[in-house]
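Look for chain A in each of the two complexes below; its partner is chain B in the first and chain C in the second.
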Partner chain A sequence: MNHLLSLLIFLPLVGGLVLLALSRKFASVVKPAALGIALINLLLAALVGFRFQPQAGFQMEEKLAWIPKMGIEYHLAIDGISLFLVLLIPIFILIALCMAQFSKNAYPPAFFALLLCFEAGLLGTTLALNLFLFYLFWELMLIPAFFLIGLWGGPKRKPAVLKFVIYTMAGSLVFLLSILFLGVQFYSKTGEWSFALPQLYQLRMGMGPVASLLFFGFALAFLIKVPLFPLHTWLPDTYSEAPTIVTFLLSGLMAKMGIYGLLRITIPLFPQLLERWAPLLSLLAIAGIVYGAIAALGQTNLKRLIAYSSLSHMSLLVLGVFTWNLASLQGTLYHMINHAVATGALFLLVSLIEEHYGTTEIAELGGLAKETPLFASLFLLMTFASIGVPGLNGFVGEFLILLGVTTQVPLLGLGAGLTLILSAAYMLWLTQRLLFGPLKSPVAEPLKLCRYRQIVLAPLVLAVVLMGLYTQPVFERTTASVRQYLQMLHQPQQVSEPTLLSDTLPASEAQIHG
Partner chain B sequence: MDKLLPFLPVSLPVLFGLIVLLLGVFLPLKQRYLLPHVSLVGVAFVALSAIAAYKAVAPNGEILGGYLILDTYSLFFSLLLSVATFITMLSASFYLERDGLVKAEFLALLFFCLSGMLLLASSRDLITLFVALEIVSMSVYVLVGYDRDNLKANEGAFKYFLLGSMASALLLYGIALLYGSVASTRLYQIHSYFSTHAHEPLAAMGLLLVLVGLAFKVAAVPFHTWSPDAYEGASMPVTGFMATAVKAAVFALLIRVLGEGFISLKTYWVEVVAILAVLTMLGGNILAYTQRNIKRMLAYSSIAHTGYLLTGITALALQPGNEAVSALLYYLLIYVLSSLGIFAALTWLSSQNESLVQISDLAGLGKKYPLTALGLALLFFSFIGIPPLGGFFAKYYLFLTVLKAHQLFLVGVAVLASILSIVYYLKIVMVMYMEPLAEHWEAPRIRPVSLGAVLGCCSFAVFWAGFAPVNFLNVFPGLLPLLEWLQYTSLI
Partner chain C sequence: MLLHATAHTTLPTASLQLNSLLNLVVLLPLAGALVLGLGTLYNAQNKTGISERVVTAIGCAGPLLATVLAFLLFLPMMGDPSRVWHSPLLTWMDIGSFKIELGLVMDHLSGIMLLMITFIGTLIHLFSASYMQGDRSFSRYFAYLNLFLGSMLLLILSDNMIGLFMGWEGVGVCSYLLIGFWFEDAAKAGAGTKAFLLNRVGDLGFILGIFLLFQETGAFDFAGIQAHIGQTSAERLPLIAFLLLVGALGKSAQIPLHVWLPDAMAGPTPVSALIHAATMVTAGVYLVARLHFVYTATPSVAWLIILIGGLTALMAASIALVQNDIKKVLAYSTVSQLGYMFMGVGAGAYAAGIFHVFTHAFFKAALFLGAGAIIHALHHEQDLRKMGGLRSKLPITHLAMLVSCLAIAGIPPFAGFFSKDEILWSLWEKGHFVFWGMGLLTAGLTAFYMFRLYFLAFGGTYRGEHEAHPEPLLMKLPLGLLGLGAVTVGFLGMPATLGLPNWFVHWLAPLYGEHHASDPAAQGLSLILMAASVLVAGAGILLALKRFGKITGEVPALPENALTALLNEKFGFDSLYQTAVVGPIMAAGRFCRQVAEPVMIDGLIRAGIWGYYAFSLCLRTLQFGQLRAYAHYLIFGLFILAYVYFVLHLPGVFQL
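Entry: the complex of A and B
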């Protein structure tokens, strides 16, 4: 089984496409088949996790020449930084498929098939080590998301999805331009084409203005996907118009791809420039935390409120990334899972509210704790996890990030810490309005959590509690990779400025000019 | 026969055109449905003759003392143009049937145009090039206004004719000035003259006029104003023909003239072409955004693609070697294939009547005809540049080549323009999939397998070209895999 990683990507991709083709004529087969494929993929991911060796760095590598003339190859590998995303993605997809299966909204078979394609894009992005391949999967992620939102979203889905695609594609195209420019730099230095990340890491750019532009070119696509303030304006519309199950995946998984891209591509390519630009980006991240929190306080709609809270929390992750010491990076990796679980679970719970009560307006709901104690307690648990109550998982991640930030720039840490209090404010106020007080409900029947849904939500609850109390399994596997990563960043290397004009002309051309 | 073989590709279409004309007169009315079939066979013969001629004169390729050259470059274009003409004839037969128009002249005009285009692709002399270009233009003027009772067709043809003939005049004047300073119209003699002699203002003037004339013909902004009207007025198959074959042929000319003849004058034209490219990319994409008529939108989108191709032409000048040509040809190939697929589908969809060409008429296509919608969506996604489709790799390769020629600014504008283009391409996909079926929708009565097959083949080719571009990278000076394959199957 040397092709485990490929199998992980191509099983859902091929499966999804085949099921998409069958979704009209053999509708009854598609849903169980999709669930089966997602389950098998989860087992494969578990196998990957089982075989993973914490000390080994990049492993389970697969390399195939694709377009050798241009240095494009099919290159996959996994390390401690990507491991937990690779585990998280199949779990979340399976949960989303199960929720869709038991939903009263009767999602059509094509929905299930597209979710599988989405999974393939996500996994591919996480595992690719060649920039060309990375870009391919990065875009592959977008197409299913486009159809998932555009076909099954809320009433204003069309402008929302258009905005979403334009924002992300604009970032992607700038990213593509940067890839090409970097490729040309590599070519003019070495005389051959390569888009392999490990090779490009060696190509240290200097501190000049061109290098800075390139840095932002590589960061833009990821910062839009996260999104970082002020690139966030697509987020509230998209998150609130998408089907809530899809929002669960967008906030839980797709936003993480932005953080992962920063970690995997932007920072290792430009370690010199971090010193210069990290303060600006950190300040923007803090602005994002505050902005998201304040905007969340003002929302009247549940989905939008949690969307803004997600924005606020994602900004904290950006802060962790741009502090790049051991504590903050470990914290970031850990908090990526936490945020996915807590915010994801909140979105799932909102999807239940939406389905049962037919509304997500906070003013129309109230006192749900009296009606559905089980639902209310789950909602409360996830709220606590999201605001970082000690003993639950959110606390560990936030603590580590804040620790890392404070040791580096105490003032920044102080700022971030204080602003996090705001998250407690809006979330607790939300629970107060939603769960307590006099009962307000547009429908007579109380919301019931059926057995299936309890089973589906159980892993998220378990994760919240276990990851808050027992952190060792995660850190055991990430520490070595993060240390290697930091070593790579701090390695002294020959630095050369990227060039725009004639001094890199090929020899033959220079002669003509001469 | 051996002496005659090299001239077959250019003369066979004329012969077939005459045969079709005569058949149109002498064949009994009932049997005239055979005309398109005869023409299709004819085009296939032309393509085969192009391959045979190439093999007969290889490796030197020069005939008529260097007036014409049959190299891989001209072979590539001969095959591409034959395919485009073949598909146009295929879809035209439905359109002629619908509107009750005479078939013979239409098909004959296509043949004459093909002959001119093949001449364009293989000519190395300014006068021959001009004559070839005129053959092409004349045929297309008539084809645009073929439906003479249609006001829009008349308007389009008239505008196209007026502006086109002015462009021809400019071109000819430029050629005359160049001849005045070089005393030759052969491209390689012009090249060798200017690489040793000083550049006179006369020559620069001539070059500028030639450039403006050609900019008219490829519809580069600000010389593009005829194209939306001509595209809108023409019937769908003819619009497709103009957007694919004619555009590719003019680019064959442009690349040959600038890359081979005027390469030593590059200090004069590189910046002009760069400015044209910037204007064309931005203008085409911005104007395409506001269109509601799908033909006009495709006209502007084709202008935008012209802009991307023009950036590639600047790379031609700044960088020695064939890489830029290879990137340009790859881009053209993908562009032509995608457009052919799109126009085949649109021909079928508008086979009820020509008024069904608003973008909103495509509403609900995803539900009603899932396969057609899938093919169209794939081609539009390819235009947007979603990997691994051909359109993405075409842009990737082209932009990389231009960047390698140190034109960061141009590529930056190209990326900005591509961002603009997302909106209008994506809107079509959204209309097809996310809108309910239009109420006044009349389903096409016929479901021709052939047009479906064209769409399918084009979509697949675009997908495959992007997924495994390694075979296409050898296009220039290659195309050898194809030839070897042909030899292997003992077709020739």
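Entry: the complex of A and C
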């Protein structure tokens, strides 16, 4: 099986499209079929994880010429940076499908089919090594997300989804232009066309103003997806208006694609510029950490509160990326999983609240711990994981990121460390209002976690507990790749400046930089 | 970054197996917590219940076995002073440039703490079985209490900063859960949140300190840190010492992070005894004592510790004078005594500080359990003004509390006398005369408010409404043993200046050394100082006897003046934090939701979109459909392009 990675992408893509076509006529088949496909995909991903060798460099490469004239190839591969996303995505999609299956809100078959398409977009983005292919999957991710939110979201879904798409497209267009521009640069330097990342890494852009512009062209789309303060205003609306199961995927998986893009594309392409722009971006990240946390304190709605908490946590990941040392990068990779698990689980638990009580307004609920101890315990466990209590997974990532940041710039460590206090403040104040105090509930019946849902949530609980103490399985597989990426920054190689006009006109360069 | 390879001394195989017993000490209570926690959830889900007997058996088994193991491991250490138990626990991470291995070590410092914590912990588990009888969440309580004990043992036994921090935050979580144990009362849940947040403020400093210390020494384990402490930069070390101290201030409730401890009394009383008096809150003192080599190298920070300790001791003792809730008196008393311990370790008298931790654990646990027995007997009445005359109704409680009051007041030969005098003596000896004076004044206040409590609870006649019922056997036993401790454990540390054997200092000598200064001048001076502190304590007791000794009617209200107002306000810390920190942050949060998000940030972007739209309208008006106009645009555009081309490619063409 040499096409394992392709299979991983195209099974859900083709399956999703076929099921979408069938969803009206053969409605009864679609849901079980979707679950079956997601399960098979999970097994395939497990096989990938099993075959993975803990070493540097790309593995399981698949390369096919696509538009050879333009250097556009169908090129997939996996390494230690993408491995855990590739494992995470099928698990999360399966969980989302199961939650939708057991939900009292009858989600239509098309919902299931679109989730599979979404999975294909996510996996493709993670595995693509050709910028053109990457862009294709990057946009493919957006289409199912658009329909999932726009068709089945909350009452104010239309303006929310419009905002989401406009923001994302703005970033994407700049991204596309930047890709094309970089392709032209490569052509002018080498006389060939290529969009292959490993080749583009060799360009080693310099520090000129045009390079900076290009850097931001490549960063913008990713920073919007994460999102970085102040590009975040699409997030609370989208997260709170999307069906909560979709929010689970948006915060758990899609936001990670932004971090992944920065790691895989932006910084390795412009290693020289990291030093120049990291201070600014790190400060914005810290602003995001603090701002997201304070905004979370002010929220009156559960979904919005957790949306802002997600903003705060994701900013920590951005800080980890731009700190770019071994501890911070390892921490970032680890914390991507942690954040997906803890925040994702919180969104799933909120989806249960929404479904059962018909509201996500904090003021209308209270004292749930008395009524539904198992639910409350899970909520509290995920709260502890999300605020980084040692022994649970969240601490490992926060520890490494903060260690990397503090040993590099102690004052930034202090700023980022405020998350320890602030995240505890908004989360514990939330649990205090939601779980403790006298019982307040709009419906008579207590919320009960049925056995199916217990089984669906179990992997997240296990991840939270095991990944807090037993970290080697992850670090064993990421270390070599992370080291390789770190070295890109320190290779003493010749540096090239991008130019606005063709290189064959040397006078022009003097004009622009002169 | 310096790299430090953790080098464990090779041990003979026979003792290697014994070493792993140390892991059991920590894991047994944790296993109990896991079993009880899952059991609690299972029961809640299936509406069944296990009997309290079974829960008690499971809940007490872990602590009891841990105590037995602790003694078993301690005995060989007594025989062979060089014996130290060391056991690896797990490799937490290996990220490529460094490796963090968590291990446990039982040396002379952690050994003595281990004995104290397991012994008192077990007694309090037993007491709880009786105190919590009939509570709806009996098994949940024992799950938390087991989890706490496991975390606390991890904290003191860890051979490195990371394990210590894990235990440190773990006990914080348990404290949060247990303060808010009766969570249906919103105020109690709020007290838990407050405690956790103030501890987190400390923990931020703590973890930054750990990071910077790692950067300087390249090690997370204590042995490695100590070995490389000499290489640290002179500017960084005080900062590191200060950051670590911030953590200690949070956990040990010292100024300015002390405000959570009195509120923590919302938890069940045995919890207050175990967590908020005997064990967890002393972790800050333990941290300073464990990192003594850091604080010996930074005299300025050490002086700050004495200052904070002294101020806290005096302030908390004065607030305790006006409290009427029996638990609040004890809470402020704990804060005050912790200040004493800080003064001790700050002055470099680490053994004396730890000795006070040790004795205090016994008499304060006895006092809290005694208060628990009273509260239990009086149907959850905590107001001292509604007690009185309990001497005959609760004889064992009375006896245990009397000796504990004498101990904390510093009357010889009870435990507190020895440890407190050791601290006062080292303050004087090191020339901190002002702090010695503060300590002496605190001792007087302590004697007064403790005996005010004693006389209001046990003296005079009963003033409450409820019928008091006697304490059950399961309460008598721990109370008796702890009372016995309050009488006897002081003899472990008799003043060496008088030529008496000080086993405690001798025991800790491998860490802190020991000096024999029994010259006649010191002997005389120390006798004078001792006499002074006993006199002050005696005066405090007599004053309390005079005012509260035989109250038969209403308890006289306090005079209303500026001083009592200040004391009732607890020096205004809470309201200061409310107006200066909590209020503004909450207001900022509301501002974000109502103004910043919808208007400022979103508004800017909306303005951008509207600007774009307006611009497109302008462009549209240019295209009104006349072909001649379009031709003009075309030619105009051509001119611009031509100009740009010449400027770029033929420089100088336009220069005249």
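We take it that the second predicted complex is superposed on the first by the 498 of 514 C-alpha atoms of A that agree within 3 Å, B and C clash if a C-alpha of one lies under 4 Å from a C-alpha of the other, contacts with A are read in each partner's own complex, and residues count from 1 in each chain.
Everything that follows uses one rule, which is that contacts are C-beta pairs under 8 Å (C-beta built on N, C-alpha and C of every residue); 3 or more make two chains touch, one makes a residue touch a chain.
This is a predicted model, so every value here is computed, not measured.
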Partner chain in contact with A:177 - chain B first, chain C second, else both or neither: first
Partner chain(s) touched by A:150 [first = chain B, second = chain C, both, neither]: first
Which superposed partner A:136 touches (first chain B, second chain C, both, neither): first
Which of chain B and chain C A:98 touches, first, second, both or neither: neither
Touching partner for A:424 - first (chain B), second (chain C), both, neither: second
Touching partner for A:69 - first (chain B), second (chain C), both, neither: first
Superposition-derived comparison: chain B or chain C, residues of chain A touched: C
First, second, both or neither for A:165, with chain B first and chain C second: first
Touching both chain C and chain B, counted on chain A across the two superposed complexes: 166, 501, 505, 508
Chain C to chain A touching residues, read off their complex: 1, 40-41, 44-45, 90-97, 165-166, 169-170, 173, 176, 180, 183-186, 189-190, 192-193, 196-197, 200-201, 203-204, 207-208, 211-212, 214-215, 585-586, 588-594, 596-597, 601-602, 605, 609, 648-649, 651
Partner chain C, residues of chain A touching it in the complex: 166, 230, 232-233, 236, 291, 294-300, 326-327, 330, 367, 369-370, 373-374, 377, 384, 389-391, 395-396, 399-400, 402-403, 406-407, 410, 413-414, 417-418, 420-421, 424-425, 428-429, 432, 435-439, 449, 469-472, 475-476, 479, 482-483, 501, 505, 507-508, 511
Footprint of chain B on chain A - complex, ascending: 24, 66-70, 132, 135-136, 139-140, 142-143, 146-147, 150-151, 157-158, 161-162, 165-166, 169-170, 173-174, 176-177, 180-181, 183-184, 187, 500-502, 504-506, 508-509, 512
Touching residues (chain side chain B, partner chain A) in the complex: 318-320, 370, 381, 384-388, 392, 396-397, 399-400, 403-404, 406, 408, 411-412, 415, 418-419, 422-423, 426-427, 430, 433-434, 469-470, 473
